[in-house]
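Two complexes, one shared chain (subunit A), two partners (subunit B, subunit C).
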Partner chain A sequence: MANIELIEKLSNAFGVSGYEHDVRDILKREVREYADKVEVDVLGNLIALKNIQKKGHMVALNAHMDEVGLIVDYIEDDGFLRFKKVGGIDDRVLPGKRVLIGKSKIPGVIGIKAIHLQSKEDEKKAVPSKNLYIDIGAKNREEAEKIVPLSTPVVFKTKFEKISRSVYIGKAFDDRLGCAIAAELLKKDYNFPLMVLFTTKEEIGLRGAAVGTYKYTPDISITIEGTISADLPEVKDHLKCTKIKKGPVITIKDSGVITDNDLREKLISVAKRKKIPYQFKQVIAGGTDSYRIQLSKRGVKVLTVAVPVRYIHSPVSLFNIEDYDNTLKLIGEFLKIL
Partner chain B sequence: MDEALLRRLTDMSAVSGEEEKLHHLLESKLSSFVEKTNSLKNGSFYALKKGSPGKCTLMLDAHIDEVGAFVTGVTKEGFLRIHSCSIDKKILPGAIVFIHGKETIKGVIGLKPYHLETPEEIKKAVPMDKLFVDCGMSKEDIEKIVRIGDTVSFTTDFLHLQNFISNKSIDDRVGVYVIVEVLRNLKRKTPVVNVVGHFASQEEVTGLGAITSTYYLKPDFAIAIDVTHGTSPDVFKRDAFELGKGPVVFLGPGIDSVVLRKIVDTAKKYNIPIQKEVDISSGTDQVEIQIVGKGIPSVVVSVAERYMHTPVEVIDMEDVQKIINLLTLFIEDLDEQFMEALYGEH
Partner chain C sequence: MNENFLRNLVFAFGPSSKEKAVKKVITQELGKVSDRISEDKFGNLVVHIKGEGPKLMVAAHLDQIGVMVTDVDKNGFLRLGEVGRIRKSFLIGQKLIFENGVEGFVYYEDKKSPWEAKEPKMENLFVDIGAEDKGTARKLVDIGTQGVYKPSFYSFRSRVTAPALDDRIGCYILAELIKGINKKKLAYDFYGVFTVQEEIGVKGAKVSSYEITPDFGIAIDVTDAGDMPETSALSLSLGKGPAIKVMDRGMIASKSVKNNLIATAEKSKIPYQLEVITAGTTDAYAMQVTKSGVETGALSISTRYIHTPGETLDLNDVLNAVKLLKKFIEK
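So, the complex of A and B:
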């Protein structure tokens, strides 16, 4: 069953791409006593190894620690912060949201011109993120700069919580759900060498994963994700990508990977035998760390399994804990047959 | 300053039409320093501080309702459709909201992933009728809790920014807070006039409270305390006022000149900085109050507030303290001479 406490801690943690320290610390503490060796590499990836002395093919589980967010790139004379987006965020989710800035988690709000002052044209147009700003309540640039130096990262201020039976909301489920599953799976016993790779900088171009399997290179790698679900009103059935409450999402092909046919068939047969619901990712778009990992040295066989999540890359996303449990179970059962 | 009270006031949900949710808190806060409190059928609440000789009555008005939305439908998948006339649809995607059904539940206002939209669509605000609230429930489950017409309000998060504070519905709970504090201050010196604090219903929709309570309470003059626009990078300077530069006094054809002069003179006498807003209509309860019954001499004093009608409204508490001081001193300084001037002209 799901370790809700761990998911909560990970979801609430601060970890914009390139600033994954908090997430890494949580995961390090979580896996330390179950791993033979825990390392952090040059790009900040966290690598936990188990059974390295054992013979056999090495299996890797990987998930990324970073989340989408913002970064402060300019400060106005009157103390307002301008920002750039880190990762793919729809501009339309930004106005009117609360954020936390930097290590000391300075609170701020993303303002917008009051509706009363908008022209008919303004009302209909989305505000491009380059025109938005964060208000930290500073009175001028000097004051703001002291508290928030340029390049300080910013996350959405969203608390993890349960809103109805089996349904949770929070930020960064992409990919803290994958991190939680990978950490949980590491705690079990295996008779083959296992590597769990928590990567950095996924949202800015799969950068951590590009080097994460260089020192230790697995034979098989399973990328665990929180993936897009568009089972929303007015979305045609074949465009929903994935649906919540329909089980783990198995990727056949995305923009950078065709997952290994044999392994995928084995994974599906495990799901069938164990009566675990599953679904295929419908849209051939988006990429994951498995793209980089499959290219390591002579090549790595990869699979991608994900928990369906609505509204990823926004201030608040939503998932069903049954999907999480089934994803954990499916990968767990699959590892048993290797 | 009783920041805890302002926090409680802004944390509470009371969309227009549900103002009675605040009555209990007002009753408990006010009853120890006024002679009378009462709930009215129109959703307003009032508190009366008797003056001596108390021949005239001043009404201080602030509205207790907040902007919100209404449930207009439930989709076959269990998502709620909503509508609002007072909220900017652009702040809704990605927001968490309360839905006040049989019980209050939380939901997320979702947005379609952008890869499913055309580049043209992404540049447009999502129209209100395309938005939906996701509570993660099936149609069957949610219909046990939520009905069409139930209200939807912003979730709350009282923040201390560097110099300012932020929360939902500071518009106009800050006015409510100001009136409570002014009534509390009047303990130190009995005013010559009766002072009735009117906590008005439905300012954001119909002005019902301002119109009908004014008729019932029959004040001789009135001051509406509300918020006005604060400066930010996307707002013209002439449309907005700086936070921390003091109360904003409204000037224009709809304002009573005698009361206004007294307010401005009081500010000058006690060295309270003020800012001046000039417009035809203040867009506050004062517009309604002025034309009730035989007509009520009335003015507006405001707190400069950024991002009005959003969950992240921002104000400076120093401005709030200055308004409390200004109004307290204004009332304490009222005398027979002023009353004569007031009624000499009307």
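So, the complex of A and C:
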């Protein structure tokens, strides 16, 4: 069963790409006593190893710690903060949102002119992010600079919350759900060498994973993700990609990889045998750390399994705990047959 | 010219990650002359012929572009995703064949433009496999089932038109090269690698060259011809010799390999062309940046209509490519 407390902690944690330390600290504490060895590499990836002395194929479970966010790149004379996006964010979801800035989590709001003053043309189009700003209530540049130096990272201020019996909302479910599942799986016993890799900088080009499987190179890797669900009213059925409450999402192909055909068949047969619901990712879009890991050294057999999440890369995303539990269960059962 | 072998290569089903049938055709062909065929853990087919001298890796990719079923609707129509850079406007009106032999016809949502498809997008195309409902269709194909253009093979004198000549023609050249190797004359420690998953990101070549760590690399692939009516200005023509790559979108060929290929062609009086192109790339792109670097070049066959069902090339270029590579690897 899901460790809601861990998911909540991870979802609320600060972790814009390149600034994953809060998330890393939580995960390090979580896995330390279950791993033989815990390392942080040059790019900030957290690597937990178990059973390294055992013979057999090494299996890697991996998930990325970072989330999309913003970074302050200019301060106006009147104290407003201009920013750039870190990772893919739809400009249209930015205005009117609360944010937290930097280590000391300074609160701010992404402002926009009141509707009374908008022209008919204004109302028709989204304001591009380069024209938006964060208001921290500073009276001028000097004051703002003291509180928020240039290059400070920014996250959405979103609190993890349960909104129905099995549905939760919060930020960064892509990929803190994967982090939680990987951490939970590390706690179990296996008779093969296991490596759990929590990567950095996924959202800005799978950067952490590009080096994360170089020192220790697995034979098999499972990337655990929170993935796009577009089961929304206006979306045509064949473009919904995945649906929530339909079980773990098994990727056959995304824009980066075709997952290993034989391993994937094994995974599906485990799901069928254990009566765990599953679905396929039905739009070939998005890429994951699997892309990098697959091409490490002599090549790695990769799988990607995900919890379907609505509204990823926005300030609030939504998932169903049954999908989470079934993803945890499916990967857990699969590891038993390796 | 071993036309039967080429025909078998073209008819073998083999989109990225499903190259098994192509490997079988090659293994059978090479089985007659070589017992040094192995498959690496990524699925590349490797033929190692030990020789005195530096390590040379010659690569050609097994896979072809294709499609993947992403959805089956209640009326039994399939929706598709692309495997490699398929050209949507050429997909409409084509027959596809799926990995289990099921065939289908590609059409488009024609509400907006009933006679001709305008700016076709993958999400607006569908396939009719003759199934009347979802249940029937799901018995024939599943989400993830891969398909390719239904193969055909037409030849007239030295010209050939067929889908998947990208890069079965490279496989043909590499296999013929291997068959003709005289170990006594071999100037290299030779690795012929038939690679997987080139069309979705030059993957097989990347991991294979890590494994082999060659000193020199050559990829054999197709490249765009520029000898059709009103096409973009490209100096490559069919029948004027294999093209020695100078540059493509992914790489500038290493001077040593390029110059050595040119010198070999000049010396042996084999016609050749020089290829400078800004579109596309090959396995050579991945090989060149392996570990501390590999001196890498490429030999291309000028081909018209690449990534359509009508890829067209000239077999004289193919014969000359085999001849050139043979001279290249000999002392």
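Miscellaneous remarks
Criterion: the second predicted complex is superposed on the first by the 338 of 338 C-alpha atoms of A that agree within 3 Å, B and C clash if a C-alpha of one lies under 4 Å from a C-alpha of the other, contacts with A are read in each partner's own complex, and residues count from 1 in each chain.
Just so we're on the same page, a residue touches a chain if its C-beta (ideal position, glycine included) is under 8 Å from a C-beta of that chain, and two chains touch if they have at least 3 such contacts.
Please read these numbers as outputs of a predicted model, since none were measured by experiment.
With the two structures aligned on subunit A, subunit B fits next to subunit C without clashing. Contact with both subunit B and subunit C is seen for A:Val283 once the two complexes are overlaid on the shared chain.
Legend: residue contacts after superposition of the two complexes on their common chain; A:Gly96 is shown touching subunit B, with no touch to subunit C. With both structures placed on the common chain, the touch criterion links A:Ile136 to subunit B but leaves subunit C unconnected. In the superposition on chain A, A:Leu239 contacts both subunit B and subunit C.
Put simply, if you stand at the Cα centre of subunit A and look at the Cα centres of subunit B and subunit C, the angle between them is 130 degrees to the nearest 10. Legend: residue contacts after superposition of the two complexes on their common chain; A:Gly299 is shown touching subunit C, with no touch to subunit B.
In the overlay built on the shared chain, the residue A:Lys157 is in contact with subunit B alone; subunit C does not reach it. Smallest inter-chain Cα distance, subunit B versus subunit C, after superposition on the shared chain: 10 Å. Annotation: subunit A residues 239, 283 touch subunit B in one complex and subunit C in the other. Listed in rising order, the residues of subunit C touching subunit A in the complex are 16-18, 40-42, 68, 70-71, 73, 79, 81-83, 123, 143-144, 197, 200-201, 203, 206-207, 210-211.
Looking at the complex, you find that subunit B touches subunit A at residues 75, 77, 79, 86-96, 105-108, 110-116, 122-126, 130, 132, 134-137, 141, 157, 159-164, 166, 229, 231-236, 239-240, 244, 283, 306-312, 314.
Of all the residues in subunit A, the ones that touch subunit C in their complex are 236-239, 252-253, 256-258, 261, 280, 282-284, 291, 294-295, 297-299, 301.
Of all residues in subunit A, only 76, 78, 80, 88, 90-98, 106-118, 123-128, 131, 133, 135-139, 143-144, 147, 157-158, 161, 163-164, 166-167, 169, 228, 230-235, 239, 241, 244, 283, 285-286, 310-312, 314-318, 320 touch subunit B in the complex they form.
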